[in-house]
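Quick heads-up: structures coming right below.
The following pair of complexes shares a single chain, chain A, combined with chain B in the former and chain C in the latter.
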Partner chain A sequence: MRRLAAFTGLFLMLAISAVARADLDIQITRGSNDAIPIAVTSFNANGQQVPQNVSDIITNDLRNSGKFAPLSSSNLIATPAPGDQIDYAAWQNTRASYLVDGRVESTGNGYKIVYELHDVFGNKREISANVTGSEAQLRQSAHYVADQIFEKITGIRGAFRTKIAYVISTGVDPNMSFSLYVADQDGYNPRRVLSSNEPILSPAWSPDGSKLAYVSFEGKRPSIYVQQLATGNRIKLTSFKGINGAPAWSPDGRKLAMSLSKGGSPDIYVMDLGSRQLSQLTHGSSINTEPNYAPDGASLIYTSDQSGQPQIYRYNFGSGQSQRVTFTNRYNAAGHFAPDGSAIFFVTRTSQGFQAAKQDLASGRLTVLSKTRFDEAPTVAPNGTMVVYATEKGGRGILGATSADGRASFEIPVPDGNVQEPSWSPFTK
Partner chain B sequence: MADKPQEIRFKAPIICAVILHVIIAVALLVDWPSSHEPPQDNSYVQATLISSQTRTPSPSPENDTAKGEARQAQPQAEEQEQEQEQEQEQEQQQAAAEQQQQEAAEQQQQEQQAAAAQQQQQEQQAAAAAAAAAAAKKEEQQRQQAENARQAREQAAKEAEQKAAADKAAKEKAAQEKAAAEKAQADKAAKEKAAKEKAAAEKAQADKAAKEKAAKEKAAKEKAAADAAARKKRMAAAAASDNSALSSASGSGEKNSSKAAQGAQAANSMMNVIRHAVEQNWNKPDNLPSGIKTTLRVRLIPATGELINVSVSSSSGDSSFDQSAVQAVQRAAPFNELGNAPASVQRQFRSFTLTFNPEDVR
Partner chain C sequence: MQFSTYAKTLAAALSVVVIAGCSSGGGTQEGTDGGMSSGQQGTATTGGATGYGNGSGAGNAGAQNEIPSVRTIYFDFDHDTIRPEFESVLNQHAAYLQSHPDAHVVLQGHTDPQGTREYNLGLGERRANSVRQYLAVQGVNGSQVEVVSYGEERPASTGNSQEAYAQDRRVVFDY
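Our next item is the complex of A and B:
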C-alpha cells in the first residue's frame, strides 16, 4: 500500500511538472519606439466663452513631452463628457491607448476643469477629478491636468507647471538693452524681472525656485547677483577682479559654484552662501567655467579647455579630482545634469554645427537631440523629459525645445528680441 | 612742538645710517685693498726688490701673488699667469685702480674714498717708481716703454677677449632663445599633432561605431525578414499538416510522430505571431533600468484567439512599465491566427505567460 502511495505521488509530481513545462512562456524583448497614442476631447464649456483653450493646452503639453502622440481632432469619434458611459470598443478602433475627456465650468470668480482619463483597451476609467482656479490661473489649471495625466500613465512627475527664465536683448550695439524674463514652460505669461543697458547672463534657479542667481554687467563689470523673485530684492554676491561668471546652485541651495578669474585664468570656485567663504576647485592656466552640480551634490561638471578644446569634466568633491567626461566630439560645452544624474545634456559640435546633445554617463553614448545648427546653453526640465536651448532661426535668437528622447521638437514663443541663456526652473510647490 | 623731537629722532637714525654706510663703504674699500694688499704689499715690496734684483726670488712671491689674486677674481689670476715671466707691479696697481674706478662708478658714495685710495696708491706707486727709477733709470725707461706697448697690446687683447666673451654670450643667448622658440614650436606642433591624432582616433571610433551599428541594424533587418519568411513557411506547413492530419484521421505510429512534430512547429509559429503582434503594440517606455522584467498571464479563447484576460503575474515593481506591457497585449489582441491552428495548438494557448524583458534599455 505504502509503495503504491509513493508511486502514485511520484507519478503525480511528474505529471504536474509535465503540465508546468507545457505552460508556454513568450519572451518580449523589443518594443515600438513610437509615442503613446492618446485622444483628448474638446473640453467644451456648454456654450460658454472660456478665455483659454484648455484642450489645446493639455494636448500641446502631452505632445511636447515626446511620450504622447495626440490624435488629431478629426480622428475623434465622439465628445463624451465626464460621467458618460464610454464606448471603449469604438474608441479602440481609433487605436488610441488612452482617452482624456472633460469640460470647463465657470464658477463665478474662476473656472473649474472636470476631467477623466480612460484606459481604452483596458476598458476602464483611470482618473476622474477636477481642479478649480481663478481666470488668471486657468492656464496653470490646464497644465495641472496635463501633469496628472502624464504622471498616471508614465509614472514620471509632470513638469508642465514649471517656468523658464531667459534673457532677451533688443536694439543694436551700443544702444542695446537686456531683460531677464520668467515665463511658463510653454512660453506663455512672460514676466520681466530685470532690465539693464548692460548684458545679463547665466540665470540659474535656486533649488526651491524662489531665487535667481545671474551675472549682470551693470557698471560695466560682471558681478553675480541673487534676486528674490517674489519681492525683486537682490544682493550683489561677488564683484572680484576679472570674470565673475556662470553661477550654479548646489542641490541643497547652500552653496553657489561659479567661475572666477581673480587668480588669473577662470577657475571653478564654490561659495558657501552663509559664510561667503570661497573654495577653489580647479587650478592651472586653462579656462574652467560653466559648473553644474550633480543631483546628489557629490560632484559637479564644468567646461574646461585643458585639452586644447572645450570638453566637459567632472569634479568629485570626495577625491578632489577631475575626470574628463566627454570624448565623442571635439567641442562639448555648457553641461547640465539630468535630474536623475544618469545623463548630461550639453552643446556638441557636429558636422552640422553646434547642437544640443545628451550623453548617458554609464555607457558614454552621445545622442544629438536637435536639428538646428547654432544651439547653446541647453537646460533640462526637472523631470528630465524635455530640453530647452537657445538657437537661431532666420538670423534671430529663439528658444528651441526637444523631448529628451528626441521624438518631439518645437519652438517656445518669446517676446520680441534675441533670446539667450534659458534656464528651466525646478518643480515649484 | 611735537615735531621737533621727532625730527631729531628721525635725524639720528639717518645720521647713523649715513655713518654706517660710510663705515661699510670704507670697510669695503679698505677690505679690497687689504685683501689685495697683503699679497700686493708683498709684491710691491718684492716688486721693488725684483725691479732691482730682477731675477732672483721671483717664482715664490709671484706664486703667492697669483694665489692671492686667484682668491679675488679669476680674470686677474689669468692675466697674471700670462705675465708670469715679467715684473708687473704697475700693471697690477693699475688693474686694481681700474677695478676701483669701476666700483667707484657703481657706488657714488665711495667715490671720494676710492679717489683717495687711488691717489694713495698712485703715490705709493710713484714712490716705488721713483725708487726704482733712481736705481735703474735707463733700464726702467726702456722697460716702461716695452711695458706700455705690451700693456696696450694686452688691453687690446683683453678688449678682444671681452668682446669675444660678449659675442659668445650673445650667441649663446640667441641660441638659447632659438632653442626655446623651437621647443615651444615643437611642443605646440606635438600638441596639435596629439589633438589631431586624438580627433582622428575619435572619428575612427565614431565611424567604427556607426559602421557596427549599421551592420547590426542590417543584420537585425535581415533576421527579421528571415524570421518573417520562416514564419510564413511554418504557418503554411502547419496548415498543410493540419489539413493532411484531418484528411487522414487514422495514421500509423510513424505518421503520429510526424504529426506531433508538425504540431510543435505550428505552436512555434503561433508563438512568433503573438510575439510579433505584442512587440509592435508595445509603447516601450524609455530610460528603463537594465534588468527590468515583468511577467503577464494571458488567457485566450482557443477557437478565436480573443483575449479573455491579461494580468500581471510577476510585477517589475514599476507600475507604469507593467501597465505598458498589459496595454501591449490588449492592443495586440485578438490573435485571429489561433482560430486556424490545430486543436492541440489551440489548447496550448488557452493560457500562457508573456515575459517582458527589454534588451535595449536606455
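Our next item is the complex of A and C:
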C-alpha cells in the first residue's frame, strides 16, 4: 500500500531522531466490551525517579490484548503496596475483577519490580513475586510482569516480550530509502538492522527467533537473505533469475519455502537449508507466492491466481496436492496460520478496500478484522491473541493492531516513514 | 487482479503481421491464427502495426543511434497488454537494441500499490515479460533483455488517486 513519502533527504536524521524519541504514544482506536476489568496501581518507587513508567507499560499490554479493561487511574481507590492488607470489599465496589499492585526498587545497577496480583472477588492473593534486571531491561521486566498476570488470569501464555520486524520506506522512485527494523511488540526500542536504497520486503522470523529471512533488492536484483540478529552476520541464500521472494520458515527451522520465477512464472519451492536442495511444489503459468507453513509442518498455504484472481490454497506435503481454501471475496492473499493451526489470517478485498481477515478452517467462515481501506500484511502474535497489520492514517503508513477476535484495536508507534510488512516474532526463551 | 495472457495479444499481433504480409506479398490466402507458426513469423517480420522491415536498419524506424528518450510505458489497471500508443516507443527500443548488439537493457516491471507486495511482484513481472516478448517478436536478441520486477516497491507517485496509480503501472527501460 502506498504511504505518503517523507523527506527523503532528511531520512537518516529523521529515523535516528525517531528512534531516540521517547514519547511514543499508543492510540486506542476501539475497546473490547467483554474485557475483564483490572486495576493496576501506580508502582511508585518511594519517591525515586524511574526511567520507565512500569505501571503504564503493564496497563497498556493488558489493554492491548483486548482481554482486559484497565480502570482509569481516577477510579483507583487506594495505592496498596506489596505485602499490604488488601480491603477486597472496597475494591469490589470499583467492579475491578483483579488488582495489580507493586513497586519499583533501585538495586544500584538496575531495578527490581515487586508485584502482586489479587483476585478481588475471590478475596485472595494470586501472585506475589519480583523480577530484577538492568536499567536497559526495565521495559522488558515490566512486560514480564504483564506476561505473568496475563497467563495467570487467562491461562494463555503472554506474548508481551516478543518483537515485531517491519520495513520503513521513504521517497518515490528513483530516490528511495528502505530500512528493516526490529522493535518490541508495543513499538518501543526500534532497532535498525538493515538499510538500503533498494527495496527490502517480506521479513520472516526463524522459529527460534534468532534470524530473519527477507528479500532485498540490493544489487538491483531480488535475493533472499538470512540474517543473524545478534551478530548482523548474513548470507545470501538465493539469487536466481527473476523473482526471489516470500521466504517462509518450516516449523523446525530446517527448510525455507519461497516463491521463485526462474521457471518462467512465480512458483512455490522449498529449500532444504542444510543441503540447499530445492523442490518445486507448484507448476503452471499462474502467480504462486506467499507460502506459509502450518504449525505441524504437514502442509503450507500460498496465494495463487490460477482461478483468475488471487485466492489462498493449501498444499499437502503428504499427497502433493493443493486445495483451494478461500472462496469469500474475489481477492484473498498473504495468508498466515494461527499458531494453533485452526484458522488463517490474510488480506481480503471488500467493497471498502483491502482489510485484514480471519477464516476459521473447520467452518470456512470469514471474519473481517480491520476497519480501514488499506490494511495489509496481517501478522499474528505467537499466542494467537493479537494481529498486527500495515495500514494508513493521514496519508502515512502505520501499524494497526487488533485482538484476534477483532474486538479491540489500537495503533503501534513506529519511526517516521511508511511502515510496511510487519512480522511478529515467535516466543523467545 | 487478473491480466489477460500475453498469448492473446501475441496471436492478435501476429494475425496483423500475417494480413499485412499477405496483402503486400499476395502469395498466401487469409491468415488465421491456426496457420501461424509463431516462431518463424516472430523473427521473420517485425512491427506488424507499423510494417517496417527487419534486418539491417531497413524500414521507417531505421537504425537507432541514440538510446530512445522515452523509456517508460504505462499500463491499464489489471492489464499487462501493450497499449497501442506505446508500440512506437517499443519499436524504437527494438531498433536500437538490434543496431547495438552489445547494448543490454533491464525491463523494470512496476505495479500500483493495490494488493499484496509479493503478489504484485508477480504482476510487475508479467508486465515486463509482456514487453520482453514484444521486443522478441521484433527480432531483439533475448540475451540483450533482462526482466526485473519491483512490484509496488518503487512507486512513481504518492497519494491514492487513480491518476497516481496510473503513473505507477509502468515498465521502465533501464539501459
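Going forward, the second predicted complex is superposed on the first by the 395 of 429 C-alpha atoms of A that agree within 3 Å, B and C clash if a C-alpha of one lies under 4 Å from a C-alpha of the other, contacts with A are read in each partner's own complex, and residues count from 1 in each chain.
Throughout what follows, contacts are C-beta pairs under 8 Å (C-beta built on N, C-alpha and C of every residue); 3 or more make two chains touch, one makes a residue touch a chain.
For clarity, every value in this text was computed on a predicted model and none was experimentally measured.
A.B. asks: Contacts for A:Pro80 in the overlay, against chain B (first) and chain C (second): which applies, first, second, both or neither?
C.D. replies: Touch partners of A:Pro80: none, neither chain B nor chain C.
A.B. asks: Quick check on the superposed pair: does A:Ala362 touch chain B, chain C, both, or neither? Answer first, second, both or neither.
C.D. replies: After superposing on A, A:Ala362 lies in contact with chain B but is clear of chain C.
A.B. asks: Which of the two partners, first being chain B and second being chain C, lies in contact with A:Gly158: first, second, both, or neither?
C.D. replies: neither
A.B. asks: Pick one for A:Gly245: touches chain B only (first), chain C only (second), both, or neither.
C.D. replies: second
A.B. asks: For A:Asp34, decide between first (touching chain B), second (touching chain C), both and neither.
C.D. replies: In the superposition, A:Asp34 contacts chain B only.
A.B. asks: Who does A:Pro70 touch here: chain B (first), chain C (second), both, or neither?
C.D. replies: neither
A.B. asks: Is A:Gly187 in contact with chain B, with chain C, with both, or with neither (first, second, both, neither)?
C.D. replies: A:Gly187 sits against neither chain B nor chain C.
A.B. asks: In the superposed arrangement, which partner chain does A:Ser97 touch: chain B (first), chain C (second), both, or neither?
C.D. replies: Only chain B; A:Ser97 stays clear of chain C.
A.B. asks: Tell me which partner A:Gly417 touches in the superposition: chain B (first), chain C (second), both or neither.
C.D. replies: A:Gly417 contacts neither chain B nor chain C.
A.B. asks: Report, in rising order, the residues of chain A that make contact with chain B in one complex and with chain C in the other.
C.D. replies: The overlap between the chain B and chain C interfaces on chain A comprises residues 308-309.
A.B. asks: Any idea which chain A residues touch chain B in the complex?
C.D. replies: Within the complex, chain A touches chain B at residues 22-36, 67, 95, 97, 119, 121-122, 153-156, 307-309, 327-330, 340, 342, 360, 362-363, 384, 405.
A.B. asks: Could you list, by residue number, the parts of chain C that touch chain A in their complex?
C.D. replies: 1-2, 5, 106, 110, 113-119, 121-123, 125-126, 147-150, 152-160, 164
A.B. asks: Flag every residue of chain B that touches chain A in the complex, lowest number first.
C.D. replies: Interface residues on the chain B side: 191-192, 195, 198-199, 202, 206, 267, 271, 274-275, 278-287, 295, 318-321, 323-328, 330-331, 348-349, 351-360, 362.
A.B. asks: Contact residues on chain A for chain C in the complex?
C.D. replies: 1-2, 4-5, 169, 172-174, 176, 199, 201-202, 217, 220-222, 242-243, 245-246, 259, 261, 265-266, 285, 287, 289-290, 303, 305, 308-310, 331, 333-334, 347, 349, 354, 374, 376-377, 395, 420-421
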